[in-house]
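What follows is a group of structures, each given as structure tokens.
Same chain, two partners: chain A is paired with chain B first, then with chain C.
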Partner chain A sequence: MDTADLLPLAVAVPLLGAAVVAVAGRWLPRPGRDALATACAAADVGCLALLWARTDPDGRAVSWLGGWRPRGGHGVGIVLVADRLGSGLALLAAVLVLAVLCYAWRYFDEPSGEHGGMFPGLLLLFQAGMCGFALTGDLFDAFVFFELMGAVAYALTGYRIEDPRPLQGALAFGLVNSAAAYLSLLGIGLLYARTGELGMAQIGAALDERAAAGHGRDALVVVAFVLVLAGPLVKAATAPFHFWLPDAHAVAPSPVCMLLSGVMVELGVYGVARIHRVVFAGAGGLPDAAVRDTLLAAGVLTALVGAVMCWQQRHLKRMLAFSTVGHVGLFLVGTALLTPAGLAGSAVYVAGHAGAKAALFGLTGVLLDRYGSVDEHGLHGRARELRLPGALFALGALALAGLPPFGTGLGKAVAEEAAGRELGWLPAVFVLVSALTGGAVLRAGLRVFGGVGSPPKEHPEVAATTGEGEEPEIRGPGRRLPAPMIAVPAALLAGCLAVGLAPGVGRALAAAAAAFTDRTGYLADTLGGTAPAATPAPDTDWTASGILLGLLSAALAAAFATAAVRRDPRRGTGALHRATVLPLRRLHSGLLGDYVAWLAVGLAALLVALVAQL
Partner chain B sequence: MSRTTRLRLFLTAAAVLAAAVLAAALIVAAEQLPGFGGARHPYGERAVAAGLARQSANIVSAVNFDQRGFDTLGEESILFGSVLGAGMLLRLARDEHKRRPAAEPVLPTTRLFGATLLPLTLLTGGYLVAHGQLSPGGGFQGGVVLTTALHLAYVAADYRVLKRIRPLAVLDVTDAIAAGSYAALGLIGLAQGAGYLANTLPLGTFNALSSSGLVAVINAAVGVEVGSAVVVLLAHFLDQAVEVTPRRRNR
Partner chain C sequence: MTVLPYLVAGWILLAGLYGLVTSRNLVQAVGCLAVAQSSTYVLLLAVGYRRDATAPVFSDLPTDAPVVDPVVQALALTDIVVGATVTALLLSLVIQLRKRHGTVDPEELTGLRG
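And now, the complex of A and B:
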């Protein structure tokens, strides 16, 4: 089979699988359904692994669907383009879906009968959406798969229907994301009207042609840039578009959170990078400096907001959700540098983070299963009996803080170094954000699994989401903990470790990042033509400074955590806390109207910031 | 003024300002768009030529099911996913139970209207799907018309009549099979080495029912999928509205 044929196959396999599972699930018993869905997910992993292996490190696999190749640079068809960053991200999504299916084997009290195939079927459709979004080279096609990913994720978020909160979270998630997607569609419409093309490479080439003919960048291009990026930026939970994420993650079932935080949010950053690079990075697009500065500012803001809010949470899933916001901010910073090194750092970071974060959500699922609560304060010391999950939880927290040799540590080190070359103070943001998020999770782990310190006093003046009174996600108390619920998080953490330890992974992602930033090469491979040799791959080996900064942030995280659990519970909060943190907490109002207002405010700010720099 | 009020006021003002900025930007951008009704249609010209070359009389269907068939596969999967998702979210919760829908009084004229229109609408829907490759309409539109036909029974009679003529379990399975068959039909081209979703079937004569190769087949699959999906989707919502009631709590 041709390498190019693997691209559509990677989308078709889960789509077909979803249909088969939905039909067979009506009659098959639970193990049969799970086996069928797991087999489909495994087949997709195999397909994408083959695609990854067969793509050149600095090349691309190109598939013109339906055989509609362009003639003379113009065509009518859709193209799928896989460089190793795209296929790698699709592979990561496939691996996580497989992990989630295994994790959920005996986890859920899934409905059976006519509803039997629904949950695994939706997971497979989710995989198809993520895979299509990662592999497509067509702007409208990207929108379609973005919507598929969204529609399925909204439903999965609201899975627990007995409780009104999941439906509210899913509603906020759905409305904010759909509103942003329609803005993206508006932007795509503007670009289509201008160029008569829908393919990313074709639009980019057409804009460059116009620029060469003297019709350079105008208001339409700038407005289209902001509108098209609205969808992926909201998906990437960039501040101030991040409000939906904690609301959705706090209420979605744990296996779904593993996917949302582990890879879906990161796909938003990927979408921003891909669309900017192919469509807007040429002569007819926007100047690199303006885009870099704007996205860097957004990334730093997101990282800081996520980290500060993460430290404030006692609801474990909300805490992990805000830690995702913080880390996605860092990924955006690395990506916004627009250099191969920054992108390579983000790529390694994303791979490592997916393992660590999914493992932590999985372990939180264990707590929910045992105690029906995810409240840091209420669970104080109650989970002492869970030794192995406790140890894994602490390891996950340290991985989140960037402790070498975890993959998160390597990614952080590479991105940090690239960022430091751009702006000297950016590494401090990386260290602070990973220390705060890792520290918050470590603090919760020490309290819940270790019973360290005295139980915290309640502060009734601060309205907080406690995380008590959650519906346990499974029925049948008193049964033994299903083995996959420990084995899968352990395997995911091992994967995070492998990203940092196996030198091949980092180097492959570095070459992939160099190929990703090679716009001329992308246009030449897609539309025909020759391109100059690609830029050399950046260095992604461990460096002494990287290891030291990683150790520093892990040590800081440990210090924060121990200081917090040792703190006298009777002490009040400081003036600085009241002046900065409380207003920030109040902004997270949980009101849908506020979130939509922030969407408008953020987009207007983005537009003004870009125009001011032109 | 309380903190919350102040915050709300600030946010409202900021949102109004932002909306004004965005609206102004959109107007400025729209000024740069090509004029309405111009002679230049870069994509349209290429799409018409490509569609005619494949013996497709309906160019919209040629774009939907052939030239950009992969988009339609994604869109149709969104519908399939929405049916699965709605079914999952609207399943009977532990604190709900179903009650029998009651018979409802209907004017004889209304019933006559429904009885006349139902077969006519079914016929129209079937015609739209069958001629999707030739004339305006097609699987998506025809499928929705077919659904409308069934629901005339609800409008002109009552829910019990709709339930009797609506084989829900069959339609649910049909929906999934039709959705999967679209993805599977793409494999024909792949197996023949022409690429996924390639139109390798015999193209037939222009403007005949059997023309345009794969377009006609996919069009039919989409018609079946949309027709059954919308019935199932509406059934989930109608069940909630008509049949499902929260169980009274005994305290």
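And now, the complex of A and C:
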């Protein structure tokens, strides 16, 4: 079998699997359904692993669907392109889907009969959407996969339809994301009007040709850039487009949160990087400096907002969701440097973060299973009996803070170093954001699993989402804890550790990042032409400064957490807190209209920022 | 080629977004999303329009007849399918919300904030 044939197969396997599971689930008993879905997910992991192994580190697998290759320089078909970063991200999604299927084996009391295969079927469909988005080389296809991934995610978020809050979260998620997707489509329409092409490589090449002929960048290209990036930026929860994410994550079933936070949000950053690199990074696009500065500013803002809001939460899933916002901001900073080193750092960081964050959501699912609550204050000391989950939770929090030798620590170190070469103060943002997010999770772990300190005082005057009164996601609380619910988070944490410890992973991702930034190579491999010399891969080994900064942020996280649990609960809040943090919290109003207004305001700001730099 | 269809597309988009921002009824909000989406149909069809051309169906046309761009029509069709799926899904969520929560006013849904 040809390597290129693996590309459509990687999307088709979960797509067909979803249909088979949905139909066969009507009469198969539950173990049969789960086995079938797990087999499909495992087959997709195998397919993508083979694709990764058979793609050259600096090469790409290109598949023109149906054999419709470009004729006379014009594209007439749809293309799937896999370089190692794209197939690696698809592989990460496939591994996480497999892990989530195993985790959810005994998780829900699933309805039998007609709706029996719904949950595993939806998970496989989600995998197909994510995989297609990571592998497509066509802008319109990217929109369709974006919406497929989105629609399935809305359905999965609102899966527990007996409870009003999941429905509310799913609606905010759906309306904001779909509105952004349609803005992207408007941008794609504008680019098609200009170039007559839909493939990313073809549009990029056509824009460059126009620039060479003297028709350089104009208002249409800038507007199209902002519009096309609206979808991926909203998916990546970039501030001020991030409001939907904590709402959706707070209410989605825990296994679904593992996927949303672990890989779907990161796919947004990937989309931004891919579309910018292939379509807009040439002579006919936008100057690198303007894009770099704008995205860096957005990334730093996102990281800080996420970290500050994360510290304020008491609803555990909402806390983890804001920590995702903070970390995605850091991934965006690494990516926005537009250098192979920054991208390599983000890639390692994403791989490590997926393991740590999915494990933490899985362990929060254990709390929900046992106590029917995910409230940090209400659960104070109640989970002392859960020793192993408690230890794993603390390890996950430290991994989130970037403790070496976890993969998050390595990714943070590499991205930090690349960012420090661009702007001297950026490493401080990395350290602060990892320390605050890791510290918040550690604080919650100390209180919930350790019962440390006295229970915090309630502040009813502050609008906050508590984690009380959650519908337990399963019935029959007296049962023993299912083994997969501990084994899967442990395995995910081990994966996070392996990303940091196995030197091959970092080096392979560094080579992949170098190939990703090689735009001429992408155009040549897709459209035919001479392949230029490959860019050298950046260094992703542990450095002394990286280890020290990782230890620093982990120590800061521990210090923040212990200071918070030892703090006298009667002490009030400072004036600085009232002036800065409370208004920020009030912005997260839970109102749909506000979110859409922020979408419009943010895009206008992006446009103004870009135009001002041209 | 006139600029009017593009202005119309922009106007429809802004009307839809304005509706989304100000709506006090979730059914209406989902409708506004569909309105915002219909701006993409107008834009796509305007992009492919050619004066004095006909539909790109060659069964009873000479092969050199001027036709409008069939690609954007395919895109608009795909777009309609995507939009119908998303709208149906969101409306079903609204119906379920009405059943469980007894309201479709987004201002009364304050379970998630801060």
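Everything that follows uses one rule, which is that the second predicted complex is superposed on the first by the 614 of 614 C-alpha atoms of A that agree within 3 Å, B and C clash if a C-alpha of one lies under 4 Å from a C-alpha of the other, contacts with A are read in each partner's own complex, and residues count from 1 in each chain.
Please note the rule applied: a contact is a pair of C-beta atoms (placed from the backbone, for glycine too) under 8 Å apart; a residue touches a chain by one contact, two chains touch by 3 or more.
Model, not experiment: these values are computed from the prediction.
Chemist: Would you sort A:Q312 into first (chain B), second (chain C), both or neither based on which partner it touches?
Modeler: second
Chemist: Does chain C touch more residues of chain A than chain B does, or is it the other way round?
Modeler: B
Chemist: In the overlaid three-chain picture, which partner chain does A:I161 touch, first (chain B) or second (chain C), both, or neither?
Modeler: Both partners, chain B and chain C.
Chemist: After the superposition on A, what does A:R585 contact: first (chain B), second (chain C), both or neither?
Modeler: After superposition on chain A, A:R585 lies in contact with chain C alone.
Chemist: Looking at A:G174 after the superposition, I want to know if it touches chain B, chain C, both of them or none. Which is it: first, second, both, neither?
Modeler: second
Chemist: What is the contact status of A:L185 with respect to chain B (first) and chain C (second): first, second, both, or neither?
Modeler: The second partner, chain C, only.
Chemist: Name the contact category of A:A151: first (chain B only), second (chain C only), both, or neither.
Modeler: both
Chemist: Touch test for A:L607: chain B only (first), chain C only (second), both, or neither?
Modeler: first
Chemist: Quick check on the superposed pair: does A:V251 touch chain B, chain C, both, or neither? Answer first, second, both or neither.
Modeler: second
Chemist: Where does A:I78 make contact in the superposed view: on chain B (first), on chain C (second), on both, or on neither?
Modeler: Only chain B is touched by A:I78; chain C is not.
Chemist: Between chain B and chain C, which residues of chain A are contacted by each of them?
Modeler: 140, 144, 147, 151, 154-155, 158, 161-162, 167, 186, 190, 192-193, 198, 586, 594, 596-597, 600
Chemist: Going by the contact rule at the top, pick out the chain A residues touching chain C in the complex.
Modeler: Touching chain C: residues 140, 143-144, 147, 150-151, 154-155, 158, 161-165, 167-172, 174-175, 178-179, 182-183, 185-186, 189-190, 192-193, 198, 246-247, 250-251, 312, 462-465, 585-586, 588-594, 596-597, 599-600 of chain A.
Chemist: Residue numbers of chain A touching chain B in their complex, please.
Modeler: The touching residues are 2, 4-5, 8-9, 12, 15-16, 18-20, 22-23, 26, 63-68, 74-78, 111, 114-115, 118-119, 121-122, 125, 128-129, 132, 140-141, 144-145, 147-148, 151-152, 154-156, 158-159, 161-162, 167, 186, 190, 192-198, 218-220, 222-224, 226, 583, 586-587, 594, 596-598, 600-601, 603-605, 607-608.
Chemist: Which part of chain C faces chain A closely enough to touch in the complex?
Modeler: Residues 9, 13, 17, 20-23, 26, 29-30, 33, 36-37, 39-40, 43-44, 47, 71-72, 75, 78-79, 82-83, 85-86, 89-90, 93-94, 96-97, 100-101, 106-107, 109-114 of chain C touch chain A in their complex.
Chemist: Taking the touch rule as given, give the residues of chain B at its contact with chain A in the complex, in rising order.
Modeler: Counting only chain B, the residues touching chain A are 3-4, 7, 11-12, 14-15, 17-19, 21-22, 25-26, 28-29, 31-34, 41-43, 46-47, 50, 63, 66-71, 73-75, 77-78, 80-82, 84-91, 93-95, 169, 172-173, 176-177, 179-181, 183-184, 186-187, 189-190, 193-199.
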